[in-house]
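Contents: one structure, followed by commentary.
When the chains are written out, they are named A, B, C, D and E in that same order, and each has its own residue count from 1.
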Amino acid sequence: MSDATDNTILSVNNIEVIYDHVILVLKGVSLTVPRGGIVALLGANGAGKTTTLKAISNLLGAERGDVTKGSIEFQGEEVQALSPNDLVRRGCIQVMEGRHCFGHLSIEENLLTGAYTRKDGSAAIKRDLEMVYDYFPRLRERRQSQAGYTSGGEQQMCAIGRAMMAGPSMILLDEPSMGLAPQLVEEIFEIVKQLNEKEGVSFLLAEQNTSVALRYASYGYILEGGRVVMDGEAKELSENQDVKEFYLGVGGDGQKSFRDVKHYKRRKRWLA
Amino acid sequence: MNFFIETVLSGLMAGVMYALVALGFVLIFKASGIFNFAQGVMCLFAALTFVGVQEKFGLPVWLALPAAVGVMILLAWLIERLVLRHLVNQDPIILFMATIGLAYVLEGLGDLMWGSDVKVLDIGLPSGAFDYLLDEFNIYLEKLEVVAAVIASVLVAALAVFFQKTRVGRALRAVADDHQAALSVGISLNTIWVIVWSVAGIVALVAGIMWGSKSGVQFSLSLIALKALPVLILGGFTSIPGAIIGGLIIGVGEKVAEVYMGPFVGGAVENWFAYMLALAFLLVRPQGLFGEKIIERV
Amino acid sequence: MTFQANVSDAMTESTTAKEPEMMLAVEHVSLSFGGVKAITDISFDIHRGEIRAIIGPNGAGKTSMLNVINGFYHPQEGTIYWQGKVRRRMKPHEAAKSGIARTFQNVALFKGMSTLDNVMTGRGLKMKSNFLWQCIHKGPALREENEHRAKVEEIIDFLEIQHIRNKPVGKLPYGLQKRVELARALAMEPDLLLLDEPMAGMNLEEKEDMSRFIIETNQRYGTTIALIEHDMGVVMDLSDRVVVLDYGKKIGDGPPKEVQANQEVIDAYLGVSH
Amino acid sequence: MFYRETGQFKTNYSDDRAIFPIAQDRYGIMILLALAFFVVPFTVDDYWGNAIFLPLLIYALIAMGLNVLVGYCGQISLGTAAFMAVGSYASFKLMTSFPGLDFTVVVLMSGLITAIVGSLFGLPSLRIKGFYLAVATLAAQFFIIWLVNKVEWFYNYSATGQINAPERYALMFPVTGPNAPILYKYFFCLTIVVLAALVTKNIVRGRIGRQWMAIRDMDIAAELIGVRPLTTKLSAFAVSSFLIGMGGALYFGVWLGAAEPTEAFGIDQSFLILFMIIVGGLGTILGSFLGAAFLWLFPIAFKNFMVDSLGLSTAMAEHLQIILMGGLIIFFLIVEPHGLARLWQITKEKLRIWPFPH
Amino acid sequence: ADNELILPSLDYRTGPYAPGGIPYANGYADFFTMLNERDGGINGVKAKVVPCETGYNTKKGVECYEKTKNVGSGALAYLPLSTGITYQLIPKVTADKIPLVTIGYGRTSARNGEVFEYVFNPPATYWDGATVAIKHVIDSEGGADKLKGKKIALVYHNSAYGKEPIRTLEALAEKMGFELTLLPVDHPGQEQKATWLQVRRNRPDWVLMWGWGVMNQVAIKEAASIRFPMDKFVGVWWSGGENDVLPAGKDAHGYKSVVFTAVGADFPAHADIKTYVYGGGKAVDAAFEPRIGETHYNRGVYAGAVVSEAIRKAMADNDTKTPTGPMMQKAFEGLEISDARWAELGLPNFTGAVKLSCADHRGPSKIALQQWDANAKKWSIITDFVEPMDDVTTPLIKADSEAYAKENNIAVRDCK
């Protein structure tokens, strides 16, 4: 393994994704995640964030999507040649957008499926289960409930907890904060930070809550219309004027009240 | 009274035979959400293979059995490779349709390989009634069906434990809920499917052998699936114990109906009665007696 | 924009009136599922013409509350007053008919249909032409179809989803799906609009847009809105009054400022930073 | 390139909602109809008429009926054959009880009677869903067939329960019975099928159709926005059974001429029709036709090819045909899970942007 | 060859009834192949059996009919091998003027040639089978008067085919005072517990069976299980194939069925078939050789012989090598195969004489009983070939055919 791959855990090179053989969605996206880094993927609805993440974890096949160009390497291995479960075994797991809990399984069973690929014994799994419950006490209360009947937020916690159970080295998080109460959003990111710092887990997160995401991430990519239109250190990005306007709120400091927003055509769009 | 007991008893036994077939359906549905139309044909195919290798290659029974099991596993592997793998995450009805295609292929293949004639299947399972019961108590109970009942109970117990208690069992249920999410947590659908379809194939072989001992092995064997369907909805698509309990209820219900109601309305009521009975239960519990509740939440 | 003109006339009057008119009130409502108590003895009301926010931590019972309001769940205890009268236990479609529309937390669009058809479905209650005319698709049926199409196009314009008019909604990005959902609810011209996390999964810009749509709906057409949202900025800016739930109990009710300052609410929900 | 809609603008909603908004499609269908009405009838012989076109049309009609229920309203039914039987027996009773009745009226009334029976059996759908409902509809299948097989009144007390279609006229032209010329039979069926397709299309693109689809896609949400499950589901059952009932009347009266309940309306008929709509495309009218064509014509064509051209034995040909049929079904599903109709649509899509891939 | 005798064979070698369909279809085809190979055809014209797979399915039957009727110089006779398809084809063949020959199946009342001009059903109908079965009961019980108060059950395939004998048996029950119980079994008939429980409860003295396919095997097994005496269990000829008894093994020993052809392969014709057809590698189904002489096979041979004789007659009567459908119809109406002629055909003592006429499309009928010997795995004829009770069936045939004529506006021919 070369030096370059040694400190990048994931690199995406110029990929193009087509759905249904006709719908071109990603038009050349490249990004890298350094080992032990937290990288944010930002962008408007439909920019292709989810598609990018699915391409990485090789889940596109299930949606009749195809990576037609470019390559993705996880720890120096070509992802396309691996099956999704190989990827999980190698430590790359995705939290899918829209929760996707196993509705008929109880919360606890959901969490345990997360540990499906693990081979390090039930004691370790038990320990991690307790860890997840400690992070999300709400889940402990609901552990015997069928996931399908739990509230949206509970399901979101369950999905994140499930990924944590795999003991991964890299987590792809698709909109982790969606539907979570504000203090939980902070907590989630604290968890991300802790896992990152203590266990060295790398993160790639697609997140709409830009301000929080940029606060925790070290690097960011902005996606629009299936292309990367901007990237940079998280700090730089959050100071960028355009980013401020589009993703963080007009004034740099306090944002304007939602009541007063007027609709106007934005001055500049990267790809308009 | 004696006769009533006898009717119930043979209903129970017929129910066990239905349950054997229903079990195969339940397995696949529970583990991948697929309503496997081909289950009946798989019974036929398995039994044909079992008899076929004895007839054509002169294998003894103790070799034919593992050979048939091997063929069923191979079949499961092929099905995964050629069909299921390409249909991940599709609607249930699409997968259902694919299993219909599969049923066609197996039907043609079975006939082509082993011929359409009736084949005698005799592996020395006891047949006829228990003489003792018949002589002493005038109760008629078939030996073959008692054997079937024992086998079915063992199968059910084993499979129920497997699904509820083991890691793989949990994964199977997860797959049934959401293919993509299952993939995302590292469950290999490919392996899971091969496992499930192999197990279902083996269950089909067992069912095929039991039914084949009864009626010879030939095309009609595939139609026993129709007998299993009311059992399936009554017990619930997703419940292994449901298959057997549903089987018993349907078995007793239809026999009692045929024997006690049939003569007054011209007979042959058992088929629709079984379905009506299942329907009546469904109106009270739309997911069947033991099926997992259909989740309705917004 | 003129759709709903008739309704909004009546509405403007009522909103300008001094005394707030009660649109909906729940009193001592409790709901449990087996052992799980989702809602415990909650009372609150919604005034005509206001934007009422419901907030609370995850699993507090907010969605369940909406489900109670539009008749999907039936509370074990308590009374619901609708437009001043006690409401009987009713079927969801009857609630819809009486003027309650909603969007869903987990998008519940009709995935196999195009955006246009989804929104048109929202007009179903308003369309009357009989079956035989529908069969030949001429005369009243066609006229009606075109009239409603015109209204739906207005909504589509309003929510700026023209470009996806003919796309099947199943594969739209999440944010757009939420917008289509709003469009479908608006098409019903409801008196009371229930929104369950309409802005989840949106970035700031999109949230701004969405806020604008909500406010505009409220102001222009006088539609009463009940809103569940986890983005405090949005909630505080948009709503007239906020009710806070926690573990199925009500822990706060009042204007945003007041609620924000309530210590119990801060502890249970907002956390320190807000 | 070949299939471009550039330059075709719609200036009012009615045009936009036309069945074939694109000119090329409009011309295509006109040519097809012209062929069907003016060329085919004067070239068919008995074989093409009785073995190909009649069954094709009748199966398409029945498939369309089932498609309303399964494809548009999402209620899977396996009782199709039973409803065909209701239509057939209704037409038989009408034909024999009122010998003077025009066959067109007979067909319509058979449809109506079937619609009533169908709605009745649709009632459980209010509680039972998905595959549970599918299996539960088999209760209708077995019960109805049992009934018509058992109650002698249905088959006019004949010795074996067989029914035969006597000669009847539609607007002065004989269309049933052994002596009716294939030309009349074909015209009659074609007209009914084309009209039925038109009406069905009209229904599904209007309010009722949207409500069906809403129930299909997400019944809870549909109910919450004011769709009444009872009326919506039952109307789907009624319309579906109406079409199937008419199909049944034609199936027995015009095509087969005689029927025996357990065989002509056996459960494999129900399955066959279901396969047709799934292979053809759920929720499309076109799909009903394509599916009927595929599942009826392919086996015949293949059988004829293998027996006549390759000289295989009939048994061998049949086995191979079954295998190939199954294989093709799977193949098509893999290529396009949404059926032949969608495949056709994608082809058009590709033609439109040709020569560019996307 | 431009001049061939086109003989469609609507048979089934697949599906649930294939085990019954295969031997019959082989018998029919082999007989004509044998004529072609041994004699160079009929009067020098080769016969061409055109097989078409119906799968016992009426829709496919119609397709097969339409497909084969205009092959070459036109089909000369139809043998649909299914009661359902027969009903389907009756109006069609009449319109197309091609004889429909149903040997031991089909519509019984078609015997009335005045109504069913183009349908022939020599030498025995289901009703005849039923009466001979009852005759056997009478003989075994020791006289017709002994039947009074006896119980007879009919286990039948719940379809047009299975229902055929009911009217006759009802008439007989009334006449002879026995009690008839009807026990229908639905297709395919794999599960008959309830049926046999009822047999156990009612304890009928005799059980008759009109079964087909897997139903037969299961019934025989079940009967054995409840220890019903096998020698009081009588099936129709379609329930009397080797396939029906072999799966039941020893249990089937003593089971009986009615037949109208002899059993076994000890006939010159069969020998010729072996030499010319199987020996010459001309068989449709070469693996079938050891099974030549099975009961269903012999019925196929019988059908072949009858049709070939009609062709011969049509050729002779019209002095042509290219008979047509109407000529065939005439030939059938005058067809006569005496015992001596059967011998000439290589089938001595194979079956009774055939003699059809305008009014009588069945002709004389001779039916016997065969019994299964499970140890030797062989059927053997155990009674004389006797005549059915025409006095019972004739009025029934008249009533049924007249009703048919009325319903379908058919002008009744006058055969005098």
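Descriptive notes on the structure:
To be clear about the criterion, contacts are C-beta pairs under 8 Å (C-beta built on N, C-alpha and C of every residue); 3 or more make two chains touch, one makes a residue touch a chain.
In UniProt terms the chains read A = Amino acid/amide ABC transporter ATP-binding protein 2, HAAT family; B = Amino acid/amide ABC transporter membrane protein 1, HAAT family; C = Amino acid/amide ABC transporter ATP-binding protein 1, HAAT family; D = Amino acid/amide ABC transporter membrane protein 2, HAAT family.
Computed from a prediction, not measured in an experiment: that's the story for all the values here.
Any chain bridging chain C and chain E, meaning touching each of them, is among B, D; the list is complete.
Shared contact partners of chain A and chain D are B, C. A centroid comparison over C-alpha atoms places C as the chain most distant from chain B. Placing every chain at the mean of its C-alpha atoms, the farthest one from chain D is found to be A. Work out the mean CA point of chain C and of chain D, and you get 41 Å between them.
Averaged C-alpha coordinates put the centre of chain B at 32 Å from the centre of chain D.
In this assembly, the C-alpha centroid of chain A lies 74 Å from the C-alpha centroid of chain E.
Chain D and chain E have CA centres that are 37 Å apart.
Within chain E, residues 13-14, 22, 158, 186 each touch two or more of the remaining chains. Residue positions of chain A touching 2 or more other chains, listed in rising order: 149.
Among all residues of chain B, those that touch two or more other chains are 111, 116, 266, 268, 271, 298. Here, these are the chain pairs in contact: A-B, A-C, A-D, B-C, B-D, B-E, C-D, D-E. By the touch rule above, chain D contacts chain C in their complex via residues 12-14, 17, 199, 202-203, 205-208, 210-211, 213-214, 216-218, 220-229, 235, 283. By the touch criterion given at the top, residues 88-89, 167, 170-171, 173-174, 176-188, 190, 238, 292-293, 295, 297 of chain B touch chain A in their complex. Of all residues in chain A, only 19, 42-47, 50, 97-99, 138, 142, 145, 149-154, 156-157, 175, 178-186, 208-210, 246-249, 255, 257-259, 261-263, 266 touch chain C in the complex they form.
The residues of chain C lying in touch with chain D in their complex are 70, 72, 91-93, 95-97, 101-102, 104, 108-113, 117, 120-125, 127, 129, 131, 134-137, 141-142, 145-146, 149-150, 184-185, 188.
For chain A in complex with chain D, the residues that touch the partner chain are 18, 20-24.
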